[in-house]
Amino acid sequence: MINYSIILGNLGNTCDRFLSSGYKDQPSKETMIRQASEIKGVKAVELVGTWDITRENIEEIGSTLAKYGLGCASIIPDHFSQKRWGKGAFTSKDPSIRAQALEETCTAAELARKLGCGIINLWPGQDGYDYIFQADHRLERRWLIDAVQSAAKAYPDIRFSLEYKPKEPRTHSTMARAADTLLVARETGMPNVGVTIDTGHSLAGGENMAEAAVMLADFGSKLFHLHFNDNYRSWDDDMIVGSVHFAEYIELMFWLKEIGYDGWYSMDQYPYREDGQEALRASVEFVQGIEAMLDDATVKELRAIIAIGDPIEYTRWLRSKLFRNR
Amino acid sequence: MINYSIILGNLGNTCDRFLSSGYKDQPSKETMIRQASEIKGVKAVELVGTWDITRENIEEIGSTLAKYGLGCASIIPDHFSQKRWGKGAFTSKDPSIRAQALEETCTAAELARKLGCGIINLWPGQDGYDYIFQADHRLERRWLIDAVQSAAKAYPDIRFSLEYKPKEPRTHSTMARAADTLLVARETGMPNVGVTIDTGHSLAGGENMAEAAVMLADFGSKLFHLHFNDNYRSWDDDMIVGSVHFAEYIELMFWLKEIGYDGWYSMDQYPYREDGQEALRASVEFVQGIEAMLDDATVKELRAIIAIGDPIEYTRWLRSKLFRNR
Amino acid sequence: MINYSIILGNLGNTCDRFLSSGYKDQPSKETMIRQASEIKGVKAVELVGTWDITRENIEEIGSTLAKYGLGCASIIPDHFSQKRWGKGAFTSKDPSIRAQALEETCTAAELARKLGCGIINLWPGQDGYDYIFQADHRLERRWLIDAVQSAAKAYPDIRFSLEYKPKEPRTHSTMARAADTLLVARETGMPNVGVTIDTGHSLAGGENMAEAAVMLADFGSKLFHLHFNDNYRSWDDDMIVGSVHFAEYIELMFWLKEIGYDGWYSMDQYPYREDGQEALRASVEFVQGIEAMLDDATVKELRAIIAIGDPIEYTRWLRSKLFRNR
Amino acid sequence: MINYSIILGNLGNTCDRFLSSGYKDQPSKETMIRQASEIKGVKAVELVGTWDITRENIEEIGSTLAKYGLGCASIIPDHFSQKRWGKGAFTSKDPSIRAQALEETCTAAELARKLGCGIINLWPGQDGYDYIFQADHRLERRWLIDAVQSAAKAYPDIRFSLEYKPKEPRTHSTMARAADTLLVARETGMPNVGVTIDTGHSLAGGENMAEAAVMLADFGSKLFHLHFNDNYRSWDDDMIVGSVHFAEYIELMFWLKEIGYDGWYSMDQYPYREDGQEALRASVEFVQGIEAMLDDATVKELRAIIAIGDPIEYTRWLRSKLFRNR
């Protein structure tokens, strides 16, 4: 039985660099929380620091979540939407900014404790570089590791999950793909540091999502969290899950079962021009569709297909799903 | 009722630059023709000049095809597998090579006439360039246009269909995508010059296949021929159709109906490590699956979805196909 | 002697979807105009409708430009930064929006006339689609052609230049690459409709920029305008020109000379985290560096290299530039 | 002072899947060895098992190398050009093939010892998968680790360097990028297992080459070997070094100095249509050009640029190199 969640802000307004006021109107926090609770299967939301949750509004957010029967799956500290992070947070060349990035992380951990939330999802989107000869490739990854280690030591009851992405908003992210992020996580030496797979970041990074999940699991049980969305493999389009890909998601979810992943399946989209609630519901229903498909008999079939490794068998099986009623 | 064909050589041995002897053994021509005939729905094969068909063996090939009840959907002149074409065929800087490229085309047209085949599929794979400052961007496209025009004038009863591909074996092809190839076709001024969409070339070129098909149809009825295969969008992997993508093929086939395409649906793969006949059959069965899906009621549904343009409706429809028995 | 210009807004604040308030502060229009005038070689600016120029402020902008000795290279109607265009401007499914898109174009043409500006650069960024089965591939391109034709007929003294881009803000643009945009331009049947190459859009679209320029020139003298910026070939990073690529820009500028392009060389960047004026100056200086390099002797050398087409000669020449003082 | 080498086979004939007989003629081994020795700066060659070196011809190859004053930089066991490896070598589902893959590695190690060569460069090109649900993502990486560990234990005096590549000949390689390959190397627990960066594989994998080198150095001194070639970032085009990129190679070589890399700088190309010796010489001369550029003063300048991280400074410096004589 899968636990679904969504990132709360997905239900709000979304902008891009050409339409900075956004494509839609911004609903109230309570409206968004209510909408999340109305999506069947959704048990929790993820909250972004500053945007959604602060020291000031935590009581209110907590009680609103309770009112609608939702938990908090993770808090995502805001290391991306403020000018001070523009040239990097954990990897800023300015030590005072780096200190603030750590502080922001610790603040989020405190808020998480208060909400009974076990995961801090770190997506330091501004950490990376744009130009050749801009980054100190040695120091900057080390600074990131040290900061994550400090936070993890200070909050041993919280799991810090590092979310990678190949690019955007920088042309190169410090944490770009599963394997390099796993190296960072392992280098901290902390059992409570792991990795988040965002399916769209993985696709855009040229990964096979299932392979990334298995690698994280097998090299130290480091798959901590999952974000779901879809795209055309070249950019983080943040589309409705299953709107482009199908078989890859089955392979991912098959392997999540095999490795015993029991964390959240969280939706993370940018429905720029769509109704937010409907777009999120569509994604949840797609993932639920695969969840239902993967019964014991199907898992056995798929194991047999992998054991043989013959694309003829795989495509026969796939056609039997795609064209079921023929 | 769709007419299916396959490229005969797909049933044979396939090599790459690392394993030049190929991954499999080479069956006899008759074995391959028999195997093609055994795939339900396949009515014809495409033959490659030199590899499959020559002035010398045309009688034999013709009678073997007849024996197995197959037609010839197209002839593909060999402008790629001989050393003389290494630096270009129609766009070679050597005028004698360019003359030979035209001659090879005309020979193929004569063979086609004898076999009752109406299409010459031109894929001049070596036409293009690898390096910056290597191509004369003005002359080379012009040479190509002139040669195609000459052949089309000499054989007005034959349709010459230009197959584009973004790269490979050159790093840049002279005919790279649908629109630039359409410009070449139109520039010849000949009604019997059109364009072939290879679905894999289209995907690797960053196109939406359906959009490419509609553009060719609407700007002069220039969609002449179709090659089917699948890939991961970054390279011409030549995989089993439907092994990666699904909804894109439905969109393509929906629009092929809308524009009234009545040519061949031809399979073109490189089943390097798979049983050739099974791999081709898998592709045909996938396309047949979509053919059956696109009944009148479904076409109406899809028209309505397009008219609204709402991804919520589209993904709802798609889930109803993917998870039909829930 | 090349005429340089810049897009005025490049000197202002720039935002993205994660930092919608922008990375910098917004200077006044006069400050930006003064800064533009201080970049040696820059003779004009491009102005974006709504952002930079309106019926209301045209007198003021005109006199400020005059004060600093700058002309107006083009006006770019705002078809992208307002909510009403969110689901398309010229290709909106709503006819009243389409009418507004044409009206916006005509308004820009009137403003252009008043400023003595000869080019309307059309970048209808919201025209395209995100999802499979969202676009009517037949109608939408036709709507675009009709609107552009109407505007071009109404303002025969103005040149309408269509700027293509493969994606962003939509996952697929209606005008994606040079060749398909050329088809649109030609289909209007109007001599005053042509195409803009944005070098970054071309690189991200998998084109060779020089080849695109030659194609536009040779198929009807349709290269009307140029935007310069750089990126890593996978996305419109809008970086300083020459920060990533070098030889490709030489090839482009060599061919611009060969085809006799005499329009603007306009800089178009998003210096998110850099000093705007310095970033634009760096780009202008790079292009000027190549302008100076391409003297008569060098043009002759390059013609000879192309005539032979041997990468050994090309790379020898290139090394002689890169390592000149050895 | 850099030690240059080349892969011997680069001087021979090269084929692709469309022209399997190859674009050129095959010279004798002695001719190729002589040609290598004639390229100024080249001190050694890399030899491919089976293609170049076997138990049978080792004496002859050894004495020919000695005659021309060349050493052997590495041996690359043939895990890619024989039918038996078609469905994988170290990751074959057939245990007897896996045993043969290890045996081939050990044979190469013995040959290396005899030639006084310290590196086995492992590029198991067939290890990976093509289709979804084809690979057992858990077992196959483990099999690879175990085999490499076994070889490394058996030959502690030899360094085993793992060469990654995102795809080709499989659509997905087991060792795809620097970070995942580093995880494999570290998981063996052997100090004599490290990683090879092929610059073209790195570019095609979306990496910054310099960052990959620093990561390998800093996470356990694991950068063992380097292959140089160039491409357009989307595929392993194996072109002349510096024919496309420039600044990236400076950044790479700057950082190689910073991390104290003292291994081989080996050229690895596929000059399909070019004179092999000239193409290799062009690459060596390009790398030597950067070697000469990176004197103490320049290294200091570049360190200062990185310390500030300002693209304005970087591009100013770059223009001073590109347009030196202005």
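A, B, C and D are the chain letters, set down in written order, and residue numbers restart from 1 in every chain.
By definition in this document, a contact is a pair of C-beta atoms (placed from the backbone, for glycine too) under 8 Å apart; a residue touches a chain by one contact, two chains touch by 3 or more.
Bear in mind that the values here come from a model prediction, so they are computed numbers and not experimental data.
Enquirer: Taking each chain's centre as the mean of its CA atoms, which one is most distant from chain B?
Expert: Of all chains, A has its centre farthest from that of chain B.
Enquirer: Check C-D against B-C and say which one is joined by more contacting C-beta pairs.
Expert: B-C
Enquirer: Between chain B and chain C, what is the separation of their C-alpha centroids in Å?
Expert: The computed centroid separation for chain B versus chain C comes out at 35 Å.
Enquirer: Can you compute the centre-to-centre distance for chain C and chain D, using the mean CA position of each chain? Integer Å is fine.
Expert: So the centre of chain C lies 40 Å away from the centre of chain D.
Enquirer: Where in chain C do residues touch at least two different other chains?
Expert: Touching at least two other chains: 87, 130-132, 206, 232, 234, 239-240, 243-244, 247, 310-311, 314-315.
Enquirer: Edges wherever two chains touch, nodes for the chains themselves; is that graph a line, a ring, a star, complete, or other here?
Expert: Contact pattern: complete, every chain touching every other.
Enquirer: Given the complex with chain B, which residues does chain D contribute to the contact?
Expert: Against chain B, chain D makes touches at 14-24, 80-83, 85-87, 125, 130-132, 167-169, 171, 231-232, 234-235, 237, 239-240, 243-244, 270, 272-273.
Enquirer: What residues on chain A touch chain B, complex-wise?
Expert: The touching residues are 206, 232-234, 239-240, 242-244, 246-247, 274-275, 278-279, 282, 285-286, 289, 292-293, 310-312, 314-316, 318-319, 321-326.
Enquirer: What part of chain A is in contact with chain D in the complex they form?
Expert: 87, 93, 129-138, 141-142, 166, 172, 176-180, 182-183, 187, 205-206, 208, 210-211, 214-215, 218-219, 247-248, 250-251, 254-255, 258-259, 302, 305-311, 314-315, 317
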